Amino acid sequence: MLVLDGLSKRYGDIYAVADVSLEIPAGGFVGIIGRSGAGKSTLLRMVNRLAEPSAGRILVDGQDVTRLAGRRLHCWRADCAMIFQQFNLVGRLDVLTNVLLGRLQRTPGWRSLLKLWTHEEKAVALSALDQFDIAQVAAQRADSLSGGQQQRVAIARALVQEPRIILADEPIASLDPRNTKTVMDALLRINKHYGITVLCNLHSLDIARLYCDRLVGMAAGRVVFDGAPEALTDTVARDLYGLEAGEVMDAGPAPDTLPAALPQPVLA
Amino acid sequence: MLVLDGLSKRYGDIYAVADVSLEIPAGGFVGIIGRSGAGKSTLLRMVNRLAEPSAGRILVDGQDVTRLAGRRLHCWRADCAMIFQQFNLVGRLDVLTNVLLGRLQRTPGWRSLLKLWTHEEKAVALSALDQFDIAQVAAQRADSLSGGQQQRVAIARALVQEPRIILADEPIASLDPRNTKTVMDALLRINKHYGITVLCNLHSLDIARLYCDRLVGMAAGRVVFDGAPEALTDTVARDLYGLEAGEVMDAGPAPDTLPAALPQPVLA
Amino acid sequence: QDWKAKYPELVFALIPEENASGVTNRWTPFAEYLSKELGTKVTLRLANDYAAIIEGQRAGNIHIAYYGPASYARAAMTGVKTEPFAIEVNQDGTKGYHSVFYVRKDSPFQKVDDLKGKNLGLVDPNSTSGNNVPRYALSKMNIDPEKFFGKVVYTGSHENAVIALQQGTVDVAANWWNDENESSLRRMERKGMAKYDDYRIIFVSDLIVNSPFAYLSDLPDDLKAKIRTAFFKFAADKDAFNQIYEGKRQPWQPVDHSAYLPVVELIKFVDELRKQKRS
Amino acid sequence: MAPSITRLSDTQLDAMMRAYDGAIAAKRRQTILGFAILAVAVAIAAQVGEVDLGKFGANLHRFGDYVGRLAHLDSGAIVLSDVGEWFWGLRRWLWLLGETLLIAYMGTLMGALGGFMLCFFAARNLMGSAVVRFATKRFLEVCRTVPEMVFALIFVIAFGLGPVPGVLALAVHSTGALGKLFCEVVENIDMRPVDGVKANGGSWVEVVRFAALPQVLSNFASYALLRFEVNVRGAAVMGFVGAGGIGQDLIEAIRKFYYSDVSALLVLIVGTVMVIDLATERLRHALLGLERA
Amino acid sequence: MARRPRLSADPTAAAARHPALFRRVTRARIATVLVIAAMLGLFALGIVVLEFDGRRFVQGLFRLGEFVVFMVPPSTGNWATFMIYLHALAETVAIALLGTLLAAVPAIAVGFLAAENVVPQFVIHFLSRRFLDTVRGVDELIWALIWVNVVGLGPFAGVLAVASANFGAFGKLFSEAIEAADPRPVEGVASAGGGRLAAIRFGLWPQVAPVIASQVLYYFESNTRSATIIGIVGAGGIGLHLAEQIRTLEFQHVSALVLMILATVAVIDWLSTLLRFSIIGRRETVG
């Protein structure tokens, strides 16, 4: 059970997240949707304490995560894997090492510091990479990969962490349909098999509807929708994204109808 | 008329792009699709000479772009605006200045180097930002923006360039549905109204089908499909992405049917 | 006078003496006095390295310079057109100081000859009293230090030489010595770093001529005369003069190049040593 | 006017323009104020520094005087005419150079290790505790502010004459200098990998090892090698502790006006500097592009 | 809460498929070990050649304490001396400021010339780097003598000597900072049709400015505290007093002077932090 209680984050005068309260039972697959800049990334970053909340508490099974420090904070972070929107790989290390960083909490310090991973660990990391079709680039430097490859490395890293919660910040933004499916399937599988909670920022409503048990809609830092995917009617979605009535979700109007609907261009 | 003639790019032993030949008439809206790592980004980067082709030529209206240098190369680059997958903004400059960089070719050097933009230039840049709903962050530093905001800044920069060709590398990867629509509509508008050629890497087949006149499918650096969107049948698409028969495009299977269809799990 | 137009500013440059502090404060009044007396601006410059003063005088930028004896000789030998006109005089009327060899008091050594195979501590290759004079003196005794002594080490400073002796790194150390009351060892004793009576002097060198004041040779004669007059007039004023030297010196006396011929000899000897090194 | 952009009306723009200009103005004012202060400071400094451009221009031709003298042997011939005579002390000098390199190496290595261990504690973006940061910074300042000479003297009294006190003085000073430079490199790193490793549950040491270190290694190497170079040239301390070295021979030659020796030694030292610089370049590129393929 | 997933995989199968990744002995690892061994070997050689003596070292450590006693309490004797020192310090700061700036401005230009990612022509950046090496290799004392020839003794010669001695180091450091910059913003500017100047101004400059600022400030600090060169050319300054007091063994003065310089250095350091963080922006720290 993950409880967010009145969580806020302020940058200067702007509230990136404002007074968010949520209860997320263990084993849920929660999609967080909302416009760009709504505060979705900031919310996830607060859950694993990469951003310090300006106000509010985060409770996990009754324990206050906002109070953790030192070794117990590291353990909590290892328990909730984060997949970053911008991947946050270490560009100058090779891909396999990047994935193995997910094992830091489970490896004695001296061994990891010398990069002396066991065969067992390397095998796990490689099979995670293999699962996403990128085992062949394991020895390359992370910053020489294509965008989608980097994103998959980040996901593999999160999986080898063996977390209790996964926080995924647009994990499929740079992926093609096939990889989108592979990644979402993997998240769904570990969610269903092991009851691991997944919190996932998503831009594609179709994907969100397909995979999530529950959707949370954010706007300007606040929660404005919270319910089952079915409850997210087109009207609600239009409100959330500020779309005009009649506009189709996840797609623009058919090309031939479009030019008429254009705003007035100024020609010069 | 943009002609790619036997274009290749090699990194070490790997061909990122291998022997690509294409003819793109002026005013086309071409979508480039393909799996992650297929070489889409590399292809676009070669067109505006950010990556030097290992072999082949690029002809624009009969002129060989691969031979350009100095001032004429800069003019060519100003003529073909690029929207990068990773945005490539100057993080330490404010948003408006980032957009105004699109005007470099049109501003006398001494004025731009001193950042002395005219009122008119700023007005254009602000309008472009406003079109994508981010005029309010104009004074913020680019690296403090959310992912989607950065992407829109990059698009605004491309538009103020008044290009003849737009090269867009996954311009909507980090965008929510509404912004996706805004951006694709804007690209479509300038394509239709002004006959500006658009080359656009896309991951979403639905979007690609909706907006593009023509689709080019790439796999392992080669062109494996080239035709009208209608010609991209599910069978062809499945081949392109290596999906299994029966799998729906742009979405995973419904959650309840899923666990059965899992690939071999690494998780045991 | 036409030289006033030609020399709107005269530069008077000093090197800090090896063994005194507060040089600027002590000399500033004198520079002001010179300005008044000569009727032209006199700028006081203190340079930490005499090479800079030699170069400056060579370029004609320094009109009056206070040199050490060896640095004056070096300037004269390398073709700087400079002329000494006044010399410092010690309290007891002598015009020089000495280089000495110290040994530890409890050691058996009584003269240099006893030290065969022992270690000699010099100061640094540029030091007059800590290197050049001792070597010159040894060569007069027909001693080649490199062969005679077990090891010859440069200790880096006069104080370091004493410390090295104290610690037994060397058995004999060269050092400067004015008289019973003024030497680096006395100074260290005052700081509590060493005891004067723990050491014995086994050799005292010939007199090393004191520091001269020298002006550019091609200054106009009347200007030179005026400078000389100003200097000696000042030296006659006991109070002002004692402020510069804290009462440790008698008034300056006139001097000319001939007084420095022995030092030039010494410098020539030092240059010879360099030529020997090559063979 | 860009055709593809719908220009907003001036009334709409007005508010935005004002908001933007307002936000920028604050920063611009700060910048202008900064430059104004700097200009005043420079003007005052020029006064104190007795800057006299007229004299500079009039006498600039003398720039070559000294250099010209360096190019001649005692006999008056140009140095290149008799290279054997010019480099008469080559064997001794090479020996000294080797010794100096060894001393500088020891001092730099110890200093670099010291600076390396301390810099992460002084970096604002990695060390949360202000107390630790403050203490580390002040310690580094003491290390580099107390003159090498003073350390040398202390170490001479403690350890006796010879290279040892020199090496230690160099090490202490290098620790202070490198610690500060390293610390600023660390403060400049990209923080995303840091977030990444933190999110994996990495401890502080692991964050440093896996997120910071790969980003800073090339810079560290180049600073350390620059320091090495400085230490090779740093004659003063070595002379002071009686360890000699090539630098002291150079100073001696300068002070005794053995012009051709000065130029010969300079050639050796400049050559050494070039070799070190080339090595730095290779090392840095290797670290920057570590298996880029 | 939830069951924890257990990951497991068959190492032998994985090793069979990716033998290169499972090799314990790799080229990189051998190289690392060899380099470290060589460095340690050289260090050991140094210990032998330079006659490090462990016993004396330990004894010496005890004697260190005695010495410090000479230095306390720090004192300048009287107020007048203190004011003189303060004045000399101000003078030194002024000269160091001017010298550092005078070195930095041309060094920025040469730094760009010497950076491989700005000037790809090998000859140009090779020559500019060797030029910088030469400037750096020439001893400070020689620079001082050269400038004394031109402008005579005095602070101006000090400014010029400081500038020439720093120029070589700046050029090298700047060019290396430029080479280490992130290429993506530069690509962004180039793709918008910016010329080389624009790419430097907008793509590189914002990235390297904080690095350059911190290096300039560091050298400013360094020139202030080790101002021997200023003393050599007769510009006075705190360095001269310090050298004098060390030579005459006035240790209380030495420690007082050091404290004064320390305070100045701390102020410069504080300014430097302020300036740098106003350029890079503040960021949260690792908790």
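First chain written, first letter: the chains are A, B, C, D and E, and each begins at residue 1.
We take it that a contact is a pair of C-beta atoms (placed from the backbone, for glycine too) under 8 Å apart; a residue touches a chain by one contact, two chains touch by 3 or more.
Treat the numbers as computed from the prediction; the structure is a model and nothing was measured.
Student: Would you mind naming the chains that touch subunit A and likewise touch subunit D?
Tutor: Touching subunit A and subunit D alike, sorted by label: B, E.
Student: Where each step is a move between two chains that touch, what is the least number of such steps from subunit D to subunit E?
Tutor: 1
Student: Could you tell me the distance, in whole angstrom, between the mean C-alpha positions of subunit C and subunit E?
Tutor: Result: the chain centres lie 37 Å from each other.
Student: Can you check how far apart subunit B and subunit D are, centre to centre, with Cα atoms defining each centre and the answer in Å?
Tutor: For subunit B versus subunit D, the centre distance works out to 43 Å.
Student: Specify, in ascending order, the residues of subunit D that touch 2 or more different other chains.
Tutor: Answer for subunit D, listing residues that touch two or more other chains: 1, 3-7, 62, 65-66, 153, 157, 160, 162, 198, 251, 254, 291, 293.
Student: Check each residue of subunit E and list the ones that touch at least two other chains.
Tutor: Expected reply: 5-9, 141, 145, 149-152, 154, 228, 243, 280, 284, 287.
Student: Could you tell me which residues belong to subunit C and also touch two or more other chains?
Tutor: Each of 49, 51, 55, 59, 157, 159 in subunit C touches at least two other chains.
Student: By the touch definition up top, name every chain pair that qualifies.
Tutor: A-B, A-D, A-E, B-D, B-E, C-D, C-E, D-E
Student: Touching residues of subunit A toward subunit B in the complex: what are they?
Tutor: Within the complex, subunit A touches subunit B at residues 11, 33-37, 41, 85-86, 124, 127-128, 130-131, 144-149, 151-152, 159, 170, 173-182, 184-185, 188-190, 192-194, 203-207, 210-211, 237, 241-243, 247, 249-255, 258-259, 261-262, 265.
Student: Which subunit A residues qualify as touching subunit D in the complex?
Tutor: 45, 48, 50, 71, 74-79, 81-82, 84, 86-94, 97, 101-102, 104-105, 109, 112-113, 139-141, 144, 154, 157, 161, 263-268
Student: What part of subunit A is in contact with subunit E in the complex they form?
Tutor: By the definition above, subunit A touches subunit E via 1, 26-27, 49, 51-52, 60-61, 69, 73, 96, 119-120, 122-124, 126-128, 135, 138-139, 159-160, 162, 164, 190, 193-197.
Student: Please name which positions on subunit D make contact with subunit B in the complex.
Tutor: 1-8, 10, 12-13, 16-17, 19-20, 22-24, 293
Student: For a test of understanding, state which residues of subunit E touch subunit D in their complex under the given definition.
Tutor: 28, 39, 42-43, 45-47, 49-53, 56-57, 60-61, 63-64, 66-68, 90-91, 94-95, 97-98, 101, 129-130, 132-134, 136-139, 141-142, 145-146, 149-152, 154-156, 158-160, 169, 172-173, 176, 179-180, 182, 210-211, 214-215, 218, 222, 225-226, 228, 235, 242-243, 246, 254, 258, 261-262, 265-266, 269, 273, 276-278, 280, 283-287
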